[in-house]
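Below: one structure in structure tokens.
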Amino acid sequence: MLFSPWATVAIFFVVAVVVALLISAVPGIFTSKRPNRAKSEAYECGVPPTSAMIGRFPVRFYLVAMLFVIFDVEAASFYPWAVRLRDLGAFGLMEMVTFIVVLGVGYAYVWKKGGFSWR
Amino acid sequence: MPQVPLADYLILATVLFVIGLVGFLVRRNPITMLMAIELMWNAGNLVFAAFARNFGDMTGQVFVFIVITVAAAEAAISLAIVVMVFRHREDVDVDDISVMRG
Amino acid sequence: MIQSVAIDWNVIAPVVVLVATGLLVLVVDLLSRSAPRQLLYGIGIVGSLAAFAAMLPLRGQELTTFGGAFASDSFSWPFDVLLLLTLTISLALSCLGKAEDGANPGAYAALLIFCTIGGLILAGATTLIGIFLGLEELSLALYVLAGTGYPRRSSQEAALKYVLLGSLASGFLIFGMALLYGSAGSISLAAMSHAAYAGGPLFIGGFALFLVGVAFKLALAPFHLWTPDVYEGSPLAVTAFMAVAVKAAMFAVLARFAYVVFGHDASALVPLWILAILSMIVGNVGAIRQTNLKRLLAFSGIAQAGYLVLALAGVGRGGVATLVFYLAAYAFMNLGAFAVIALIGNGDELHADLSAYRGLAFRRPMVAALMMLFFLSLAGIPATAGFIGKVLLLGQAMGAGPWGVAMAVALIVGTLVSFYVYFQVIWQMFAPADAEAVASDGNAAVSWVAVAAGAVGVLLLGIVPQLLLAHL
Amino acid sequence: MDKFAALVLVILLLPLAGAVLISFAGPYLPRVAAAVIANGTLLVAFLMTGIVALTGWQATSSGQTIPQHFAYGTWALIPPLKISFGLLIDPLALTWMLIITGVGFLIHLYSVGYMASDRNYRTFFAYMNLFVFTMLLLVMSDNFLWLLVGWGGVGLASYLLIGFYYDRVSAVLAARKALIMNVIGDVGIMIAIFLIYAHLGSAAYSDVFARVASVGAPALTAIGLWLLLGAVAKSAQLPLHTWLPDAMEGPTPVSALIHAATMVTAGVYLIARCYPIYDHAPVAAEVVAVVGATSALFAATIGCVQYDIKRVLAYSTMSQIGYMMFAVGAGAYTAGAFHFLTHAFFKALLFMAAGIVIQNLGGEQDIRKMGGLAGKMPLAFWTFLIGTVAIAGVPPFAGFFSKDAVIDAAIALHHPVLGAFLIIAAFLTAFYMFRLLFLTFFSGAYRGDGAPHDHPMVSMNVPVVVLAILATVGGFLAAPLGAALRLTFVGALHDQDIATINWPVAAGAFLLVVAGIATAYALYQVRPQLRESLIRALAGPRQLVMNAYYLDTVYHWLVEVPAYAIADAAAGFFETFIIRAIPLAASATAAALGGFARAWESGQLRRYGLTIAVGVVLLLAWYVITAYAAASQGVLPQ
């Protein structure tokens, strides 16, 4: 009974959850917390900070990062396709053309709407 | 090379998954929460990959590939939304986002 | 070693048409300096109708393509029709003067269309990959759409909540799918039925997590919490779309999964029955004191999702017919109600507030009468589609053992509670108007078309249900 | 759908189309348009019904068979219940259809004049057309469910039309009373349908009647009695008749159409339609016969002492329907239908002639304030006279033949006591109708206040004259009607031929009729003093009868008073402790739950996430626990 697959799975889950919780909690438990003013100040290379630490987001960086991530990962789809291009033949070519057209329309749209301009 | 047993992968994946979940629940910065979610998704990927290797079957790996692609799109969209929401706010704390309730 | 992939273009014709329409909308928006948005949405509507035309020859056929990964069969067909209907009406409502589209109509229309494509894929998916891709396409586009009212803070908030919680739910879904894959050794649902027969922790754990992902999208309690906030914050036309299309597509998935995987033994679905009962309670009770109609309809949608689960109780062809019938009824009455909200305010979000309806029966008797019709149908009053739907659901549940009976009881009790909710709205319309009543003089023809479509649907299905039932 | 099926469907839907058109387009149409639509739809429907009837007649007499049953598909399929929509157009239904559309058209025409000055003119025609539609649905349906729809529909139309003068309290009360009584009957029919469905597994006539023989007599008797409850309420038979006299509050055309010619005979139709059930349930049939004959006599006695012209006619209607009920209860279905036919002619005629009198007297209905009107309103007098001799049963007018057919049946089918009731009722009918005639048109000079005037209106006079002709010659329809109905009542056990007259019985009945007329003549024309002394001598019984045997009072004490007492007690106790407490508790619970649901809906994203996580844990826990439970019972999968 104890070694039925269900018992295994129960133990398995308990272990996983406990380990995960432990890992999450360990830093909180073992770190020494002695905050002082200097520690909680923003680090501005030794110069006293001039403004609040939590400021505006650097939105532009995110924008570029997002676009990069998307197109980067889409580009990753080319690899398996390229490896098997010969086997896939004309069908594979057509498929990739369709894929690129769809991507291209999206790309053109982003461009036109000013997604790439460094405002 | 000794084969890593399937169960180890599963335990690792589950640990990752729960860490992601806990991270989602305890963090208040939406970016961090998104990272936690990515961790959960990738825990799923790990399971897929582990089973695919175990079965010697490609579909699991294809699935991983697709999940990664979708995850990229999802990350981009989430980031865009987070940026939109926090453009005009002082700090980034999801607990302050509760105009609607009840 | 690579088998040539034979694609039956007829099967995916509706999807192809919609993809082309979405791209066309984007291109038109790109090329013309100032295309009126009505033109873009008009293209979308035409594309939606074209996709419907492409579906007509598929009716009654049992076809698959992509090596059996995508099906167009008598099961998916009615769901596809509902999705296209919803797309058409949402696009129509988006044309209204005050409708929000984030000042970016091309992207807005394209996203609505891509959402629908996701729904079509979901309805036809027979493998986990199809389900995942369809679900994500639907969701990702909806996350953005929820935020298209972004000058409003509530819309921003809706998008943020939806995307974070939605991704979290997807995390469960993926992990669950991975375990299902592990239990079955394949991603096809047909293979999964063997694993289901064998039971076992991998399969059960996988299914439980999969169920979480699906229940989240269906807004089944306790995974429903996002629903009222997201419905309230999203632009009106998007809320209408979300309410109907997501439910239709997700119920297609859930039903296919239930029939293919649990066709022989539905005992593993018991938690789903519990979620349904919980949803009926939470949805109806939560709606009691809402003052925002979108929010009220969100809670109502939670309860209706619970009702819809009844259709899956008990196995048999009747279940799918019941499901489709109630979904159609639900689509008509919800789209109708949203169309009325859009009608009187010309798409303005202010008119989602209940106070805008005080005295409507005296200012706009025809509009108030139609709104009353939709709410009577939601309440399940005879001669409306909602009534017949509930009768069918009860019939389905009563033959499904003790859990079915429990759900039937919950449906009846929930319906009684919902009377209070819905009649309060009707009561408001007949209450004397405030002096500072919001102007409600919107009269656009396009919203009338949507309202009329809803009204005709509700009445026809309510009076002559056989019109639909005969074809299911 | 073939041509014939479409034609029949159009007959049914035309009045509905008229009602809808007048209702929705009415305010934008001139008054005359409403009248034209209402009359036009009915005239066309009547002509089409005539075509159907003649086609059927020709086909049958040349030995062919034509379809009687038209199926239009399934209306709803809610397994295992299947409700189809179809029409059954057999001679029985056609008899009723011809009267509904034909007499209905004449009464519509009459209303054009009668209602000319009413401010709710369009509403009136919309209601009237609605009534015709529902009545047609009732008789044309091929199953019990649509019959019930029509049955409820005519009740609704009747309610609307009795309360047509809604600013009169008495009219509103009368409408309410009629509705309540009718709903009692509706419930009876519903229960009957449930029983039919439970025992016979279908609600379609064809299925039900085919399977009747396979069901035991007790079940059929129960079904028959529940059906009878509906019939009694709708046809104003004992003991649910008290709404009919009050229903005279409605406009006179309404009384003529609904409360004389058509709706009140729905009970007769129902029992004739269900003849296989009653043939197999002799007890129920006997009850029908007893109710009918008793009602006939009962109402006739009351008719002798009433002073309101329309109330006299109302009681006479109840009495005549008693004849029909007796006939169908005894098994002489054809005789019942025949009496329905002639009664529709002469009773509609009487009401419409009375309507002319009432209108010319400025709304006066009390016959004590009439008198001597024969010369002043010749057309009304002559037509009323024809109606009177027809209903009294003077040959060769219509009533003679049909009433004789019923009395013949009573004798032939060995109902001596009930037959005696009917014969006495025939005597009384002759008496009270001629009393009415004498008091209204003769008995000295005019006794009313305002001067009587005669406004001849073509639209009112034409239908009256047409009906007068029909009331005169209607009796000769016996042979064709009998031949036609033989096709419906196939295999009926006791059905009687109506075309042959049992002359000794007829002569005896006629003598009684003459005696009745003579008595009326003696008391109201020749010797008014005798009448006065008779009234003094019989003051007690007269009081009893004048008050309709105090049945209203009995109901008041038996039903209303206890009901109100219970209600008061309930208000005192239940209301405080239970009725008010339950909603309070319910609303408190709902508010608490609602508060919980709203508090749950905190707007806090991370709490939503936490809820999801907890939900997942509970879900997994459920599966693990159930798996362990299954494992401990040794049925663990795998």
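Note that the chains take the letters A, B, C and D in the order they are written out, and that residue 1 is the start of every chain.
By definition in this document, contacts are C-beta pairs under 8 Å (C-beta built on N, C-alpha and C of every residue); 3 or more make two chains touch, one makes a residue touch a chain.
This is a predicted model, so every value here is computed, not measured.
Trainee: Just to be sure I understand: the centre of a chain is the mean of its C-alpha atoms, right? Then which chain's centre is nearest the mean of all of them?
Mentor: Nearest to the common C-alpha centre lies chain C.
Trainee: Could you quickly compare A-D and C-D and let me know which has more C-beta contacts?
Mentor: C-D
Trainee: How many angstrom lie between the CA centroids of chain A and chain D, rounded to a whole number?
Mentor: One centre to the other, that is 78 Å.
Trainee: Please tell me the distance, in whole Å, between the geometric centres of chain C and chain D computed from their C-alpha atoms.
Mentor: 48
Trainee: Just give me the whole-number Å value for how far the CA centre of chain A lies from that of chain C.
Mentor: Those two chain centres are 30 Å apart.
Trainee: Between chain B and chain C, tell me the centre distance in angstrom, where each centre is the average of that chain's C-alpha atoms.
Mentor: Distance between chain centres, rounded to whole Å: 26 Å.
Trainee: Going through chain D residue by residue, note those that touch at least 2 other chains and give them in order.
Mentor: Touching at least two other chains: 598, 601, 603, 605, 609, 620, 627, 636, 638.
Trainee: Which residues does chain A have that touch at least 2 chains other than itself?
Mentor: 5-6, 9, 13 - these are the residues of chain A that touch more than one other chain.
Trainee: Would you give the residues of chain C that are in contact with at least 2 other chains, written as numbers and ranges?
Mentor: Where chain C meets two or more other chains at a single residue, that happens at 160-161, 164, 168, 172, 200-201, 205, 228-229.
Trainee: Enumerate the contact residues on chain A facing chain C in the complex.
Mentor: Those in contact with chain C are residues 5-6, 8-9, 84, 87-88, 91, 101-102, 105-106, 108-109, 112-113.
Trainee: Which residues of chain B touch chain C in the complex?
Mentor: 13, 17, 20-21, 24, 30, 33-34, 37, 40-41, 43-45, 47-48, 50-51, 54-55, 57, 59-60, 62-63, 66-67, 70, 73-74, 77-78, 80-82, 84-85, 94, 97-102
Trainee: Any idea which chain C residues touch chain D in the complex?
Mentor: 160-161, 164-165, 168-169, 172, 198-201, 204-205, 208-209, 211-212, 216, 222-223, 225-226, 228-229, 268, 270-271, 274, 281-282, 285-286, 288-289, 299, 318, 388, 391-392, 395, 417, 420, 464-466, 469-470
Trainee: In their shared complex, at which residues does chain B touch chain A?
Mentor: 7, 10-11, 14-19, 21-23, 26, 65, 68-69, 71-73, 75-76, 79-80, 83, 86-87, 90-92
Trainee: Of all residues in chain D, which touch chain A in the complex?
Mentor: For chain D paired with chain A, touching residues are 620, 624, 627-628, 631-632, 636, 638.
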